Amino acid sequence: MIPLNYFLVLSIILFALGAIAFFVKRDLITQFMAIEIMFNAANLAFLAFAKSAGSLDGQIIVFFVITVAAAEAAVGLAIILLIFRQKKTIKSEDIKLMKG
Amino acid sequence: MNTIYALFPVLIIVAASLLVMILEVFLKREDRSYLAYISLLFLIAAAAGCVKFWDKGYSYFDGNLSLSNLSLFFCFILIIATFLVILISMKYLTLQNANYGEYYVLLLFALSGMIIMVSSSDLIVIFLGLEVLSLSSYALAGLRREDEKSNEAAVKYFLLGSFASAFLVFGIAFLYGATQATAIPSIVEGLQSGSSFGTLGLVGLGLVVIGFGFKVAVVPFHMWTPDVYQGAPTPITAFFSVGPKAVGFAVLLRIFIPYFKDALESQLMFGLLWIIAAITMIAGNLIALRQTNVKRILAYSSIAHAGYLMVAILAQDTQSLVFYLTAYLFMNIGAFAAVIALGKKDHEYLELEDYKGIGFRYPWIGATFAVFLISLAGFPPTGGFLAKFYVFSAAVRQGLVSLVIIGVLASLVSVFYYLRIIIYMYMKEPSYDVEINIDNPSLFLALFLCLYGVLQLGIFPGNILVLISQAVAALPF
Amino acid sequence: MAHFLFFLLAIICIASVLGMIISKDQAYTALFLIVAFVCMGGLFGLLEAPFIAAVQIIIYAGAIMILFIFVVMMINLRKGVGPEKKKWTMYFAVVIAAVLVVELVLTLKGTLEPISSAALESLGSPTDLGRLLFTKYLYPFEITSILIIAALVGAIVLVKKRDKE
Amino acid sequence: MTDYFWLIPFIPALSTLILVLFGQKLPKKYVSFQACFAVFASFAISVISFIGLLQTSHEHLPIIKNLFSWIHAGSFQADLALQLDPLSSIMTLVVTGVGFLIHVYSVGYMADDEGYTRYFTYLNLFTFAMLILVMGSNLVVMFVGWEGVGLCSYLLIGFWFDKHSAANAGKKAFIVNRIGDAAFLLGIFFIFTHIGSGEFSVINAAIGGGAITQGLATLIAILLFVGATGKSAQIPLYIWLPDAMEGPTPVSALIHAATMVTAGVYMVARMNVLFTFSGSANSLVAIIGAVTAVFAATMALTQNDIKRVLAYSTISQIGYMFIGCGVGAYAAGMFHLFTHAFFKSLLFLAAGSVIHALSGELNMQKMGGLRKYLPLTYPTFLIGAIAIAGIPFLSGFFSKDAILTSAYANGQYLVWALGIFCAVLTAFYMFRLIFLTFFGNERLEPEAKKHLHESPPAMTIPLVLLAFFSIVAGYVGLPVVVGKDLNFFGRFLEPVIHQAHEVHLSLGTEWMLILISIAVAVTGIFIAWVFYIKNPKIPKNIVARFPGLYKLLYNKYYVDEIYNTLFVNSTIKGSEIVYDHFDLKVIDGVVNGSAKTTNFFGKVLSYFQTGYIKDYALIFLLGVILLLGYLLF
Amino acid sequence: MEIPILSIVTFLPLAGALLFIFVNRDKENLLRYLALIISIATFIVSLYLYFNFNAQTPDPQFVEKGPWIGYGINYHIGIDGISLYLILLTTFLMPIVILSSWTYIQKRVKEYLIFMFLLQTGIVGVFVSLNLFLFYVFWEAMLIPMYFLIGIWGGKRKIYATVKFVLFTMLGSLLMLVAIFYLYNLFYKATGTYSLNIFDYYRMILNPSVQVWLFLAFGLAFAIKIPMFPFHTWLPDAHVEAPTGGSVVLAAVLLKLGAYGFLRFAFPMFPDALQKFLPILGVLCVIGIIYGGLMALIQKDVKSLVAYSSVSHMGLIMLAIFALNMEGIVGGIYQMLNHGLSTGALFLCVGILYERSHTRMIKDFGGVSKQMPIFSAFFMVCILSSVGLPGLNGFVGEILCLFGVFKANKILAILAVTTIILAAAYLLWMFQRVMQGPITNDRVRSFKDLNLREIIFLTPIVILMFWMGIYPQTFLRKMDVSVANLLNQVNRKEVIFTKVKKENNPPSYILMEKEIKKDSTAKEDKESQ
């Protein structure tokens, strides 16, 4: 049996990597992908906890989170497309019209 | 009482949005204002429902949806906020080239998301509601598609919002792990029972705070606020500054007011929120000093107000928090409405320089704007003052004297930038002519309603206070 | 065996995420991500969530990533932008990641023991899951429908062609 | 007959009011008539009251008329009450009598001035204030008059306010007076706190009953006396009086010679119980008086401005009065005040007549030989000069002698010696003035000579009357050597001057003292004659011999300059420095600085708001790390 | 049915302001006349207060009490002998201010008058409030119209001045607000009922160590308003930049609010802290007196000269009030009225000059008396009143103030007496430079003397100056009982707390239970919730 905290640690590592990816990557799409990784990490944690609690609730939650991620992907990609149409770029550095 | 009636507010809003979505297809471009009227009509119906259900305590889905008085009150002010936002949007959309029927659809979806959030105490439902709200919001922020700033606002809001959502989900996961529950009362109970998962729960709670802190824009999770507020279409900014903030605090309230009851267990969290409140009040107000764009000023001001609201959470005084939110709704939407009023075809006047002499050129708009600013600054006899009065006096009752002193000093700083707008409006001579579109009856109705609200709350708040105290009496929710 | 599988999947998963971070090519990035998601699906399976694992692979690795690739192709910036070149950013990123991991792992300190000791045979079948979804979780489930419509409308309004004046 | 004495001050007051309200519209003739008549009416009532007073027995004194309760708050109770007693009666007579003559004189003197109405308004106002001063039955009412006359003095000195010097002199007078007033006020406060009332009768009774210690009495007395030095132009606050000559000459006669400046003497006499009880305060008064007398006289020696000489002479003569009070001979002091009022106003008015004749020329070096042009002015002037010089049979002789005798009798030999020395100087500078003005060769400006004429009757008649009084006024207070109980003046004042000092000198000593006085007066006149008629070169030689001394005297010991640097300029400079470097930089700097600091922090914080998503994410992550760190550690 | 006379006095101007909103802005003269009528009507109504005031009782009179928001926040107003005159002063000055602005304010007349009326309501409201919340509402609300008055119709540096004024004043009042919260909460803890009624707080005796902080908070607010040294720097700026009417109200009434606040709130609520701080406060006042005088001496701008003179005069008033004796407090209040009249009048005079010359620099004038003899007379009277010449109002106040101080502390009194010298120096010097001497500036030659309107608005002030100087009993006798009551209050607490102090652990408050029960205020509050 794999200790569940292995999963948790993995989830934490993935979450941190996702967060870092969001910070280091310089194009909008990849940054968004990083967020998906974070969501996945959270899902992993949920499932691990669900296992430990011995209830299906965690799995259901994961199901919802995946739905949310899908919906977000739709809107997010639409926004990124919009940006690309307007600016012909998806570099996140180019998006700095407003500041201060 | 477990009954399907409890679905009424959400259903009617969703129904409205679906109806608008369908009708949009059949309506000609110039007839799109009917969509607004339909939305308004439905909003009135929903509000009437809220009134009708007062004191009934309907709930459904085993309490996943419960219309306690507090929920109803939140629903009610959120509906009012949306109502006002629609009023201020109608002309704006045609003037600023964003006249999409989907605008109202998304707005109503966002509202339904918020209603879902405030009428539930299950974190999963709240999370889903939040996502409904957020996804609609992202789209709304980018609705002026030709405007680069609007695009930028959308993308910033979307990326950072999703980023924060990830933290929220992760936090919920931790809380779930620690307490095996997603319903707030059980979570709080679990946390307070002092299980061995103490740290896990605490960190989970911290991550949840981050998630909602982002929504309500507290420092240091506020970075998106000014940019998004500036870039988004102005009515939407008004909406952002009120709606998500209100629901964010509604959720924080549900979590922390029972949680803080157990003083020993919650000490750490209390300190954390104390720090957040303090730096939010300080930083929000300080940065606002430097701004020259009115929307940005109002953005930072809304950050600062989040700080004051946080004080109310710390004071564990629901009543003052709710009252503050109500007053804040009117004055902030009113202020944005006034900003919108100062616009013409394809152009909005947003820089301080544009405001020179506006007060005398357009005396009514100027005067009402001034009243909102004065209220935001917290001068009597406006709602803003009474709101601060309640929050800070509640905080003093909790012994948070030093936080209150920070708060009043911060609001002293805020006086400067609010009055700065007034300085430009009244005390400087215009260097160029500002032409605006005055033919905007719905906007003026909204301005009037907000003005009325601000003054009513400031001078004769009695009835509303009674309502709020009834709402709070139903605690725990 | 299970251990081996776990570590294999975990390493692949982490490696592909790292690959995603390092890679400059958008398409590769997306592919790395798909790998990671698939591995994740495997891990879900290890956690006795077969239905979720399936959903993960179908929706994530399938639908969502296809969407990504679709957008990547539309934008057609194959030589995209890599990660940040400034060194301090990378160092910073590493430090932040390390601190974040340490902090979060420290959180687990107290939880390590009870969770690992909890070993249950089975959580339930997809049937149970479905039943739960339509009873206890009916309300959230319905909300997801609102969510999806909202996302749909939002996505459409942002990208649809501007109607003529 | 004393029933209506309280009307005395209010008739001029009424006149003032009418002039203020309607003066601009009234014809000049009416204005002057009303102004003069008001004072005359007061004078008439004063006389009637005086006669009434003579018939009243001592037990019924003072007669007090309480008009209404004025300031009542806690223990501070002051009524607006007037009193009539010998002292105030004499003063009312002097004020209204001399005042009336000066009013009449002014009709001629000011005939062509455009501020005619304003002038008479002020003059009436002054009469009112002065009467309040002398008739007030308590210290607070007295203070009202005290300040009131100060105001009028200010207004009248600065009458020709479009001249810088006049405006300046008026202001200076007021401010210097105020310094004295401040001390006076403190004195009043001490009295109120320790005695509980400002009524003179209560104070006197209380001091008699031992309500205050001697030390306290001295302190109070000194404070009051500081007030007196301000009003009566004594060291160290005398500096305003010479400048006050900027005002019209009748004003100098009325205010700065006859009445107002003697208010200090009056006040000391009024508070004689206190001063006598204190003792040491009395000595101080005498010494200050004596020193001032000599000091002012020396400055008078070299002045060329005819009015300034008279001004210094006034200071000097008031010094005599204080000597009188200081040695306990209050009656003598008052007596000198009485006679001085006549001869000094005579001198001033006569000088005014000269100035009038010369179209405003003040410099004696540009006069000379006027004797023949001014047939009436010259003799009256001469009478005044003789009177002040202390030649027997004129009023000044009697009063001055009474003071010096008392000083000697009290064993204050130093004071006495100074007094005698001053007498020489007085005789000298007065006759220097006479000789320079009326004798010798004419040194007139041609322009002035053209208009040279004797003054109109409105001016000369008062001169003649005053000259008459200057001669006879002395006979109401004859010295003991002439006959016992002939000092009517002293006896009249007895109910007021408690424990009046009896002069215990042998007749021989008295005679000797009188002879010494006469001798010094004659000597002074003789020296003046030698210097300015016989051998006019001597003064120049002396100037050449002692240029430093001359310069010192001519420049009035540089006291004005010293005061200016020490007090005025240093205050202004200091204030400017404080304003520039403390008020603006430190206090205001703190205020503005805190605003700037706040703004600076705002700037620093807004620097983080870069607009880059990744920076926002960074801050977010840092926030997360700190937050989690806080929760974990 | 009682006529709510006090509410009428307070809110009549507000009603006027609301009425004005609906008057066409172009009808400027109509607006002016209307404003004049309203302000005179208010004054006449306020006279009713004077004539029906019962001088025998220290209790508040004309009390009106009604439920408002609940939780102790009630509409509770009333006046006593202290506030009576300050209200009268306000209502008396308002018609004068409006007359003085007749031609001075040429643009935006409507707004000007509206703000004036709002200001008046705010000021009178502060004086009548007997509920801390109500008081604070008026106290803060008043800032806004003043802010606009300076900011819109002010001079060159108006924005700087007005922002400084508002922020500076708010700094104090916000801290006071915190103190009010603290008290509010303490009272709640003590009795279980909410109350903001000041009389309830009079009965709550606080631990001296608590008092210290609360006194500091209240005191700072009031000290800034007065303004006491070293919080005075907003005043010259505000005064210099404000339009004449604004300066008049600012000097005449607004500054009094601080002193009034001390008398009404800080003294009776925190007597022990007051005793503790008296030495410092006294010294600050004396510094203020001398410092203000010296600064006034060297000002180059007439208005800032008068402003610094206000600092000096207010220093004396406060010093007298801090003397804590009958003479001092009565004198202080009386001097407040005097200062209101004389400084107000001085600002009016400066305004008259400014209207003719558009400069306030002393050096630009000289010899004005020659051109404007009537004005010169009025100006002189005002200056003399300010200098404290007997026969005019200033003297009565000054002598009482100084005497009060003298009774309390001789050294401070001796230092304070310098004010009568300094005042004479700076004011007369200014008069000399502005009004006297030869005419050096040709512009002065074109000055016209006062017109009828100007004479009309200056005359009542001057008459009142004489009246108050000659027959002060008209005013003094109605103050006595109230002041005596105040002094009792201040002294009584001291005695009680020293009794309790002997216990080892002093509580943070003591309630005079009996009296609270006797009084029905607390109960009513409970019901009204």
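Residue numbering begins at 1 within each chain, and the chains themselves are lettered A, B, C, D and E in the order written.
As a convention for this text, contacts are C-beta pairs under 8 Å (C-beta built on N, C-alpha and C of every residue); 3 or more make two chains touch, one makes a residue touch a chain.
Since the model is a prediction, treat every value here as computed from it, not as a measurement.
Identification of common neighbours of subunit A and subunit B yields C, D. The set of chains touching subunit C and also touching subunit E is given as B, D. Centroid distances built from C-alpha atoms place D farthest away from subunit C.
Centroid distances from subunit B, each centroid being the mean of CA atoms, peak for D. The count of contacting C-beta pairs peaks for the chain pair A-C. Averaging Cα coordinates per chain and for the whole protein, the chain whose average falls nearest the overall one is E.
Measuring from the averaged C-alpha position of subunit B to that of subunit D gives a distance of 78 Å. Here the spacing of subunit C and subunit D, counted between their Cα centres, is 102 Å. Here the CA centre of subunit A is 63 Å from the CA centre of subunit E. Look at where the CA atoms of subunit B average out and do the same for subunit E: the two points lie 41 Å apart. Shared interface positions of subunit B, i.e. residues touching 2 or more other chains, are given as 124, 128, 131, 135, 138-139, 142, 145-146, 154-156, 159, 163, 167, 174, 177, 199, 203, 226-227, 290-291, 416. Among the residues of subunit D, those in touch with two or more other chains are 595, 606, 609, 611, 613-614, 617-618, 621-622, 624, 628, 632.
In subunit A, 8, 15, 18-19, 22-24, 26, 31, 48-50, 52-53, 55, 57, 64, 68, 71-72, 75, 78-80, 82, 92, 95-100 are the positions where the chain touches two or more neighbouring chains simultaneously.
Interface note: chains touch in the pairs A-B, A-C, A-D, B-C, B-D, B-E, C-D, D-E.
In the complex of the two chains, the subunit C residues touching subunit A come out as 2-3, 6, 10, 13-14, 17-18, 20-21, 26, 29-30, 33, 36-37, 40, 43-44, 46-49, 51-52, 55-56, 59-60, 63-64, 67-68, 71-72, 74-75, 77, 80-84, 89-90, 93-94, 96-97, 100-101, 104-105, 108, 111-112, 114-116, 118-120, 123-124, 128-129, 132-133, 137, 140-141, 144, 147-148, 150-152, 154-156, 158-159. The part of subunit D that touches subunit B in the complex is made up of residues 595, 598-599, 601-603, 605-606, 608-609, 611, 613, 615-617, 619-620, 622-624, 626-628, 630-632.
Touching subunit C in their complex are the following residues of subunit D: 614, 618, 621-622, 624-625, 628-629, 632. Within the complex, the subunit B residues that touch subunit E are 360, 363, 374, 379-381, 385-386, 389, 392-393, 395-397, 401, 404-405, 408-409, 411-412, 415-416, 419-420, 422-423, 426-428, 460-462, 465. By the touch criterion given at the top, residues 8, 15, 18-19, 22, 28, 31-32, 35, 38-39, 41-42, 45-46, 48-50, 52-53, 55, 57-58, 61, 64-65, 68, 71-72, 75-76, 78-80, 82-83, 86-87, 92, 95-100 of subunit A touch subunit B in their complex.
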